[in-house]
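Here it is, the structure, as structure tokens.
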Amino acid sequence: MTLIQAVFILFAALTLGAGLMTVLSRHLFHAVLYLILSLVGVAGLFILLEAEFLAGVQVLIYIGAISILIIFAVMLTRGMARNPGPPLNNQSLAAAVIAGLFFILLAPVLAGFPWPTAASGVPADAIEALGRSLVDPNQFALPFELASVMILAALIGAIFIAREKR
Amino acid sequence: MIPLTWYLLVAAALFCIGVYGVLARRNAIAILMAIELMLNAVNLSLVAFWRYLHPERTVGQAFALFVLVVAAAEAAAGLALIISIYRNRETVDVENIDLLRG
Amino acid sequence: MGQIYDFIYNLLPYLGMWLHGFLRSLGLSEEAVFLVVGLIKAFLLANFGLIGFAILTYVERKIVARFQDRLGPNVAGPYGILQPVADGIKLLTKEDTMPAGADRWVYNLAPLIIATCALAPLVVIPFGPGAIGADLHIGVLYALAVGAGALVGVLMAGWGSNNKYALLGAFRAVAQLISYEIPSVLSVVIVVMIAGTMSTVGIVQAQDVPYLFVLPVAALVFLLSGVAEVGRTPFDLLEAESEIVAGFHIEYSGMKFALVFLGEFVHALVVSALFAVLFLGGWRGPWLPPYLWMLIKMSVGIFLFFWLRATLPRIRIDQMLNLNWKFLTPLMILNLIGVALVDKGLRAAGVSGGMWAAGLFLFNMAMLIGALALPGYLGRRARMAALAGEAEAEAVEAPVAAH
Amino acid sequence: MENQGTILALLTALIPWPPFIAFGMISLFANRWKRLSHTLAIGSVAISFVLSQVVFWSALRIEHLGEHPIAARIPWLPVGARPLEFGVLVDPLGAVMLFMVPLVSLMIFIYSVGYMAGDPHYSRFFALLSLFEAAMLLLVVADNLLMLFIGWEVMGFCSYALIGFWYRKPSAYRAAVKAFMTTRVGDVLMLLGIAYLYAQTGTLNFHDILRNPETLKVLAETPSYVAGLSVAALASLLLFAGTVGKSAQFPLHVWLPDAMEGPTPVSAMIHAATMVSAGVYTTIRMFPLLQAGQHGLGGETAFWVVALIGAFTAFMAATMGVAQNDIKRVLAYSTISQLGYMLAAVGIGAYVAAAFHLITHAFFKALLFLGSGSVIHAMEHGHHHAGHGHSHEEPFDPNDMLQMGGLARRMPITFWTFLAGGLALAGFPLITAGFWSKDEILGEAFHGAFEKGELLPLLVFLLLATAAVLTGFYTMRQIALTFLGEPRSPAAAHAAESPASMTMPLIILALFAVLGGYVGVPEGFPVLGALFGQNWFHEFVGGTLLEHPEALPFNAVPVVLSSLIALTGLALGGLVYARRPLAAGEPDPLVRLGPIYTFLRNRWYIDDLYHRVFVQPTLWLAERAVAFFMDRVVIDGFLHGVADAVWSMGGALRLFDRVVVNGIGDGIGEAVKAAGRELRALQTGLVQNYLLVVVLGVLGFIVLYTVAPMLRGF
């Protein structure tokens, strides 16, 4: 096992372990922290995949913004967070079984398929190409605009919904 | 070199964890977090495919970015909803939110 | 003579080469060397942060004292130079308390995270050609991203220490940091757009004219939001003693407090370093060796921070948020668009070099003046309206009073 | 040329925008500013009108528009190998639509200024109307099913919002919800069809699918595993379901009459001229698919379904129309019936005839609605004029034709235009547009029935012919009741002609209703045929298809027949109503038809059936039907004719009621109730329970698609 593989396993373990703790931990605030940890793990995997830009964005957006948002929500609904009841509902067992099954069904398919092993290298200007493709009318300009409009709408909606009615 | 399968398996596992969370958590916020996990799993597989199948095309990364945007929007709107629910019903426990019970 | 000058000039690269050669001579593989060098660099950078922190505490107190016509620290050692050491000893020997009902792990991890996230960006600060922790080609993004990590630490601290003041402080801190993230990121985006790269080294190399003179608006806003992000006066609401005692780190003492404190100062250091890199042309400069230039330029930013702190009073939180959301953010968005257009236009017209810089500079200046004039005008109108309202009120009251 | 083509495409792409922008501006800025809002709306439609005229006329000059339509597309979502594309397409069919839609809507917009004047929600009205217009134009210029569906759904929403425009009236919003829900049924199926088609062909572009023999062939030959239909047949049927909903065909027709709760311009525009015809338009569009299915597996099933539903609806709606007293409801039913005509035409392969009737119908039906609107307007004003001072005992209904009468003298313009529209609707020979289009349909049916001797066209012909008689009858009835004789209420007595903004559009539309037909005069027609040369419309629109349908050789028999039919209907109506005008308070002579009248008046009880009130009406109807035997003797000669005709149907209907209504009817009712009782427990209201099931379903699919094949491998 090479160094890089060791690193991969490290990050993978971080991601999955933290992810598991996210859904299991009784205390909501801890759950968020684990979520952040798991996201860091994913960012690490991105770096291993030579998608540094995405890794950076991942950290900036997810950890810098989304998780903070979630933490705020947790604290604003403190009544729940302070004295948490049982974290899981009464169908948790069934859920566990199903999720497990899901993986068991998925794994052989993914593992069985003969994926190309040796990948060609990432072009040096990958990030630049990405940026250009996002504003290229023949590629992602329209979806890009769509996404921006959508997030704008989502934000306005969020403000409207969460605002104290008076 | 790491085989693509490893990434895919990690992504699948993460996704299943997310599924479990969505199905089994009682707290709405926790469910939201589980959803974020699932989205990340998707992103991971997207990027992995990009890296191993078409590193010269930008589709994989672009879609990962879009997923990111969606995740942000979803978090914003979802949390807003949760908070307003909490204001009205003093709970974010999904089991108590069953106005549609037949 | 020339050789000596050359040696001093390229000190850091020489050291690097020597170290590399030395390690190879020990028969280490390329990978291993890479690892070891990385570790050493990390160690050096961390210590740079720590020592910088120590010096800064002293310098700040001295400077602020001068501003306020005091002497400042002057007991420990000549001119009180040993003051930081004394402080350090005091903090180390202090009892490490843990508030009742605190969230043990969270409480203990928070300072570490804050300190780490503050130190991490140093990796991409270039101290000269070839003298950088790691020249990532997403350098700036990396700096911003890991910097954002500090937010989590702050929230952890506020939450973990089971104290309402701490929590409020954390809220405020995060609100402030997140808000000011936006204009600063936007200004960085402008720089990246002009330089055409995100690597710090690349940005420095792109600055034949320091961007301060090309993108003054961006520079100004970056500095401003930098001050806010570091959370120093006039933006030090997150530890406004008068309102929320000491903010999120109220419960911390001893070493942990030291870490939080360190985080704050190193953050200041990093911001000024980034300012130097993004707008002052980094290490570039005549005669003096690069690292000296870098340090000088950094100290400019630092001094500005101290200056502001010594002169300005603290502003209200609503004022702060208004400033950000209603002024800086829109301004930066407009500036981004404008700069993009002007740049494209100039390049299309084949203008380059000095003329190009001048064009952008003029545009920015025009925008800046407009931007500064507008709120003044609005404020004046608002005041006029208020006065008119009062006058009416009196006019109404007068007869009532007569009865 | 190429360059010009792109410019035209650009213009076409611009057509839907002005109304859409107008919608935004009105709803955002012009909210409480009447003049501005209607100026915006009309201005925007005028722009679209000009644009579309430019496109239309330049499209005329393009040779073989069918092969090289005005088209342009952009990739919308470059996913994998099959990017979803958006684009515009103007082929002959689209061109004629492009000619008709903006013209009619412009008229209606102008008309609305007068009609809606003084309405508190004036601006909202125009905003919604503009949005609707935008959607309709989008649908017309769309070059793929997805865009078409988007426009389709937006129109559905606008229709909903406009039917419920006076949402304070309970009946109004109930009608709105009813319309929305009923059309949903069709739309879902249609969406299924679209998805199915995309899955099968990988594109939704009309040109790629419909003008591509290979694709059609493949589609026709791949079995769909559903009822032994070919993919083409199944897809076209699913799409047709959407039409059934939108164009209010049996069994989803119930919403359209209620939709008359909306303001009259809305009824004119949405529920007569444009939206409901959009359904037919879609079917006509997808005709090649239908045709392909014919030769493939499953044979002509699709054709049969379309044709029979169309013809039956045409007939049924016509009978219902006979017995309505609400001036707008009569028109509503005639609309349904006419749409049935078009679909029947499509069903017997009379592609061009259907398109032709679609266009002419749009003109004269819009005209009729606007005319009725102006009548209602006049009635209301007359009512206020007459009614101030003393109070009214019974609530006044301005739509009730029994309250009208004698309006011809009081509002001549409305009368004459309405007359023109009515005659066109009835298909008055030679001088009205309706005649030519209807004649072409009947001609085709006749041709198929008696010259080819096929069964389907025969059925269609019989049903349509009967429907035509009834059409003439109720048209005459309507005109007579409304305009002739003496005023039967103070309101009618005080009614006055509507303002110019309302009469102008009437006149213009009347011109089209009369002259519009001459674009499609059969070549062999005596005198006129020679006058107009070849059948222009047929040549032009026929070019849309892959193989150009040949125009029928001129045959006098169906022409004479259809003229006779139309005249008979009108004459009957005249006999009953015009010969001796109704006096005030006197009941409708049709009442003497007894049960059948009641039956028709209650719209065959289909609504009731849908409200799961089955048993009583049936029994009741049965015994009345028996009673009908008794008093048959008293009914005079004329009634015999109609009575026998309708009665012979009545038998079939009684059967229909017994079997369908009793059997299926309360069968369904009971089943639903029982199922409800059982399944109630499942609805926990907990999202996660549902999700659990969903995930289970996903697992099922995974097994289906991955594990099962592996196992089969062993």
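Should a chain be cited, it is by its letter among A, B, C and D, assigned in written order, with residues numbered from 1 in that chain.
FYI, a residue touches a chain if its C-beta (ideal position, glycine included) is under 8 Å from a C-beta of that chain, and two chains touch if they have at least 3 such contacts.
Since the structure is predicted, the reported quantities are computational estimates derived from the model, not experimental observations.
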Innermost chain by mean C-alpha position: B
A-B against A-D, pair bridged by the larger set of C-beta contacts: A-B
Chain centre separation in whole Å, for chain B relative to chain A (CA means): 6
Interchain centroid distance [CA atoms averaged], chain A/chain D, Å: 50
Cα-centroid distance, chain B relative to chain C, in whole angstrom: 33
Gap in Å, rounded to a whole number, between the CA centres of chain D and chain C: 68
Sites on chain A at which at least two other chains make contact: 53, 57, 65, 72, 89, 91, 94-95, 98, 102, 106, 139-140, 143
Multi-chain contact residues (two or more partners), chain D: 78, 688, 692, 695
Touching pairs among all chains present in the structure: A-B, A-C, A-D, B-D
Sites on chain C touched by chain A in the complex: 31, 103, 106, 136-138, 141-142, 144-146, 148-149, 151-152, 155-156, 159, 167, 171, 174, 178, 181, 198
Chain A residues within the chain D interface of the complex: 89, 91, 94-95, 98, 101-102, 105-106, 108-109, 137-140, 142-143
Parts of chain A lying in touch with chain C, wherever the complex brings them together: 3, 29-30, 33, 36, 52-53, 55-57, 59-60, 63-65, 67-68, 71-72, 75, 127
Residues of chain A defined as touching chain B within the complex: 4-5, 8, 12, 15-16, 19-20, 22-23, 28, 31-32, 35, 38-39, 42, 45-46, 48-51, 53-54, 57-58, 61-62, 65-66, 69-70, 72-74, 76-77, 79-80, 84-89, 91-92, 94-96, 98-100, 102-103, 106-107, 110-111, 115-123, 126, 129-130, 133-134, 139-140, 143, 147-148, 150-151, 153-155, 157-159, 161-162, 164
Chain A-facing residues of chain D, complex: 74-78, 688-689, 692, 695-696, 698-699, 702-703, 706-707, 710
